[in-house]
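Here chain A shows up in two complexes: once beside chain B, once beside chain C.
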Partner chain A sequence: MTVTVERRVTGKQTHAGHPRRPRDSYALFLLPGVLAFLAVIIVPFLMNTGVSFTDWQGVGSPEWSGLANYRELLDDSEFWASFRHSLFMVVAMAAVPTAVGLVLAAALFDYVGKHFGSKTVAVLRACFYLPQVLPIAVAGIVWSWILAPDSGSLNELLKAIGLSSWQQDWLGDPDIALYSVMGVMVWVQLGFPLVIFMAGLQRVDPQLYEAAELDGAGWWRRFWHITLPQIRPEIYVVLTWCTIAALKVFGAVYVLTKGGPGGATNVPSYFSFTTFFEKTQVGYGAAISTVLTVIILLLSLIGLKLQTRAEEREGS
Partner chain B sequence: MLTARRRVVATAVILAGSLLLTSCGDSDSGSSGDGKTLKLWHYEAPNSAMGLAWNEAIKEFKAKHPGVKVEFEEKGFEQIQKTAPMVLNSSDAPDVMEYNKGNATAGLLSKQGLLTDLSAEATKRGWDKKLSASVRTTSVYDANGVMGSGKWYGVPNYAEYTMVFYNKELFAKYKIPEPKTFDELTAAMDTFVKNKVTPLANGGAEYIAHQYLYQLALSKADRAWVDSYELYKGKTDFHDPAWTYAADTFADWVKKGYIGKTSSNVKAEETGVSFIQGKAPILFSGSWWYGRFVNEAKFDWGTFLWPESNLTLGSGGNLWVVPKGAKNKELAYDFIDITMSEKIQNLLGNKGGVPVAADASAITDPKSKTLIDNFNTLSERDGLAFYPDWPVPGFYDVLVSETQKLITGSEQPDGYLDALQEAYDKGVPQQ
Partner chain C sequence: MTGALRRYPVLIALCIAALFMIVPFLIVTLNAFKSPAEYSQNGPLSLPDGLYLDGLKDFWERVDYTQKLVNSLLISGGVAVFAVILSILNAYAIGIGRIKGRTWVLAFFVLANMLPQEALVYPIYYLSKEAGLYDTRLSVIIVFTVIQAAFGTYLLSSVLGQFPREIIEAARIDGANKWQILWRIVVPVSRPTIGVLLVFFFIWTWNEFLLPLVMLISNDNQTVSVALGVLQGQRLMDATMTNAAALLGVLPALVFFLVFQRTLTRGIAVGAVK
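Then we have the complex of A and B:
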């Protein structure tokens, strides 16, 4: 008993000679999660990877085709185009919302909060977060009405304010459609970083701001030298999370454009979906989703590594 | 007594075992049914002609089979389309279900042995006599899953075909007579354009646009051309005169303003609504719109077949299929037989559908009569030419995507036809 107490106090946990080891007991609590992870993530992923090495129509027996699907992917211009579009989505769903969310969060926290009170901040924060709560199918349909070429609200608004020459076929013109979808995604995504950053700002010591203000630092300098460094962990989390969301974006493309016009807004997840279910090329569709999963996994690991390194640097 | 670690391992083994057993579930569907339940799925809207007719058929079935329970589940088209192979491979398959016709759907399932061969029942119950040759094409599939010959794997109880719907009031407003020839149709469209009205309702995001294009090709084609394209009875060349004419004319119509340049991302529903709202004076589409226009269009409208074309898009409707693993097949055959009865067929006809075995004199509604008369005209001249997306799995997406490019002008007709050729050749079954 004495030994146990001593170990707890010193924090040195060894297993030697102890009849009830806490780690083993805790492992039981991890079990449901581990099993669910195996059943829902690992097993389907391995099965999907297995299918990607076959030529299969979804019914009957799959035929082993080795790396044929992956070789075909390398030469598939549609696949590479869909990945290029994904990069645009990363800009729309990760880069822009993170940057704008940072400025907005700082402004709400540091300016609006002080001058208009916390209730106003709460209302504004909820307004920005609202698109995150709306089902993407609903938001997509509403946006397709807004962006409709002939009687859409946006074109009608432009006409009403004398900017008829700015009217566009927002989702039907291949030169514009991708940017229109990006615009919708910025609107959808903005609330998430905003809420995370505002939560992060709660833990920043107010004395830092006060001291900076006394030293004559303006809003921008306080934002740059205090806000940004203080909520760096949140920025890493948001960037990683939003990049992953951008790479697997599906719902918005499905509802708004179905990858069109002429493939101008196609993205890997939608491409994989149509290959699976419309073309019934299940093996090829599995290869696309396997590549997508591996890329997402790599990016997540890089994001986590960068975050850990930054934390270690700050700790030292 | 188990230690904590052993308990963990034992629990993990039990749970993992259960999960594996669940996920790999026994798909054996061999057990026969009790003859007391008919499990039935279809995806027709309850207020559509087919939905009303099938509901009546269920009532009739119950009356003829006292003590038999009908377990009906209403499904969505997409739901069945996307999950049918998995469902039919499991023990949850229904006894009878509605399924989409064509090589890439019913053909694929028949090839994989997931559907029951209905040939003997079709002869025994006389279904083969009731269906015309062109309607029957989608019922039979060969060993490669290609429609047109082989064994019976499905029974269509209605037919569908495309026609020109036109707003008589808008035609009258601009003093345009009903077009009887192709030149009169284009002259009518010119008049609308001059009056700043886009004549053709179009939707590039779904089937509407490429059906215009296929119809243009069909107007220069014959049955051998269709058989070659749809049934692989010859080589299909997308640069032949029919396809070239279709692509050139379609692109020209966009330039002339017959088809809106902003219609590339418009869906089929929005296209139909633009006709119902009286915005577009002409819509070329299928008989599936007919009942809805009867109910919702508040103006005088009419229909005519595409002028100067023997062929038009159309086929037998969706199929009743009996899954291989169905437990009560006899009940399923009885139900299909009831849907083919004169009573149900006449009801279908009077509700705005196109019955395949109705008594013509029993169709009393004048608009329904026109619909059925037009179908009979087509049927007599063997005029149903199926749909352009049927020959190759995934060709629907290719047609949508490429035709969108033709509308936006980001692709020229020649490049458009090249793209179709490439996708067709890649997907066409090697025989």
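Then we have the complex of A and C:
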């Protein structure tokens, strides 16, 4: 990689601004980075893709099987279920936090910031952001204990306020486990959009709000016609990042439910993990993770496109 | 005046929502100081009768928490430093050197940053076994140095792209070479961004789960996250033990949060929108 870069630069050296010190030698600074990337990311990634076309148990030599793994995936209901659960995770980790984060950020910025001071805003923002700094494994421990069926805090609380009939085995009942995990993920994720949106709101011209207020626009109209369009770039960034995070969710599922009960909360990354390391069907696991990669890369590209377009519109 | 009165419901609603966010922390703290007998008698919602510290102590000794903290500190600290150095070198070539084809080089790093770890985990596991690095802290440091540097390269390149050229020209005329310009001028001037990156890399690595779970199987090498996650996954703990574990897992995160709050909240916005 570096070599081609250098050659191309040397070829065009007459156009360089400083013929005395050719720019191409900067490429040397890139050498450690590119080598490390090849070793840790590119080679493993190509290996993984290669292995996905083979039948391999992790020992011995892989046997070429063409598209057999992918064909098997198409008929694997566990695989489809895991991706269906991914959509639920996108709702819990991208859609809901973005929507709620927008309203909270606007309320904090608009109402609380103006009438109760920035200290109050900082304290409230810190409360919402706190779960974000927690290792996901620790968040999982906290919530699996709160949601425990026997003397879990949530069930105890429901009993204490006279709603015993609402008590559930939150993580053990196949019908509700996925929704419980979703609830936990909303809690984990909410702080991220909130902080980004609040930062974005700071660059909105306050005169826009004042003018709208003078014209008699209520809070919702100002939110809809000023806040939303103004921080559109941030919305795209948050949606892209959170959607990718949702597709990759692993730690929470591992700690909360281990994909159970009966696969009710299985997600692609946990599915590939168990296929790799518990079932040792490495070829099949590689196929799952390759499909996941393709989806994530496509979504990233779409997200980047939308973001660039939003920023261009902003600039014009 | 009525306007101000109308605003209180909004504040109150926000305070209730914020309270809901921190209730899990409060309730874990409450229960980490209860004895098992007290817990089974009064349940999770009562206030503790006194400070019962044996639960925390037992858990600390049982998982050798000191060792886990040392491992996490070593791995996260090492990654933060090495990844920042790697990011600086990459970004110097891309942002200041403006090497030909830099857009493609940058795209290469961004793409590498977006690859899910699931698509790397088995080959990394396999290759590290071949190289004799499996179940060493060094292997995790190497892998995360590269993964974090992908983001660092992306962010620093755009920051250095706007670096005032006159400063570099002036240094060049004074006879400084590229290496000297990098460490004596570019790095000191970019210190704020580098600080943000250090904090982020440290905390991100501290919180990582999948790769450390796969790579660090022996007790002596595990990080805090992995040790707690594995214990929980095996459901070996009773309620008081779980709370001790949760509190000990929460505390470092809380300390980082209080120490780095400004960097975090400011940096996260810079990082995402750049």
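Rule of thumb we're sticking to: the second predicted complex is superposed on the first by the 270 of 316 C-alpha atoms of A that agree within 3 Å, B and C clash if a C-alpha of one lies under 4 Å from a C-alpha of the other, contacts with A are read in each partner's own complex, and residues count from 1 in each chain.
Definition applied: contacts are C-beta pairs under 8 Å (C-beta built on N, C-alpha and C of every residue); 3 or more make two chains touch, one makes a residue touch a chain.
Because the structure is a prediction, the values reported are computed rather than measured.
After overlaying the two complexes on the shared chain, residue contacts for A:27 are found with chain B and with chain C alike.
Of the two partner chains placed by the overlay, chain B and chain C both lie in contact with A:258. Partner contacting the larger number of chain A residues, of chain B and chain C: C. Contact with chain C, but none with chain B, is seen for A:238 once the two complexes are overlaid on the shared chain.
When the two complexes are overlaid on their common chain A, residue A:302 makes contact with neither chain B nor chain C. Residue contacts after overlaying the shared chain place A:277 against chain B and chain C alike. In the superposition on chain A, contact of A:67 is made with neither chain B nor chain C. Contacts of A:99 after superposition: neither chain B nor chain C is touched.
Within the superposed three-chain model, A:211 lies out of touch with both chain B and chain C [touch as defined at top]. In the superposition on chain A, A:43 contacts both chain B and chain C. Of the residues of chain A, those at positions 21, 24-25, 27-28, 39, 43, 58, 258, 277 touch chain B in one of the two structures and chain C in the other.
By the touch criterion given at the top, residues 3-5, 7-8, 11-12, 15-16, 19, 23, 81-82, 85-86, 88-89, 104, 108-109, 111-114, 204-205, 260-266, 393-394, 396-397, 400-402, 404-405, 407-408, 410-411, 427 of chain B touch chain A in their complex.
Interface residues of chain C, counted against chain A in their complex, comprise 4, 7, 10-11, 14-15, 17-19, 21-22, 24-25, 27-28, 39-40, 43-45, 86, 89-90, 92-94, 96-101, 105, 108-109, 111-112, 114-127, 142-143, 145-147, 149-150, 153, 172, 178, 182, 203, 206-207, 209-210, 213-214, 224-226, 228-229, 232-233, 239, 242-243, 245-246, 249-250, 253-254, 256-257, 261, 264-266, 268-269, 272-273. Contact residues on chain A toward chain B in their complex (touch as defined above): 20-21, 24-25, 27-28, 31, 34-35, 38-39, 43, 57-60, 149-150, 169, 171-174, 177, 257-263, 274-275, 277-281. Looking at the complex, you find that chain A touches chain C at residues 1, 4-5, 8-9, 12, 21, 23-30, 32-33, 36-37, 39-45, 47-49, 51, 58, 104, 107-108, 111-112, 115-116, 120, 123-131, 133-138, 140-146, 148, 151-153, 156-157, 160, 187, 190-192, 195-196, 198-200, 233-234, 237-238, 241, 244, 247-248, 250-251, 254-255, 258, 268-269, 272-273, 276-277, 282, 285-286, 288-290, 292-293, 296-297, 300.
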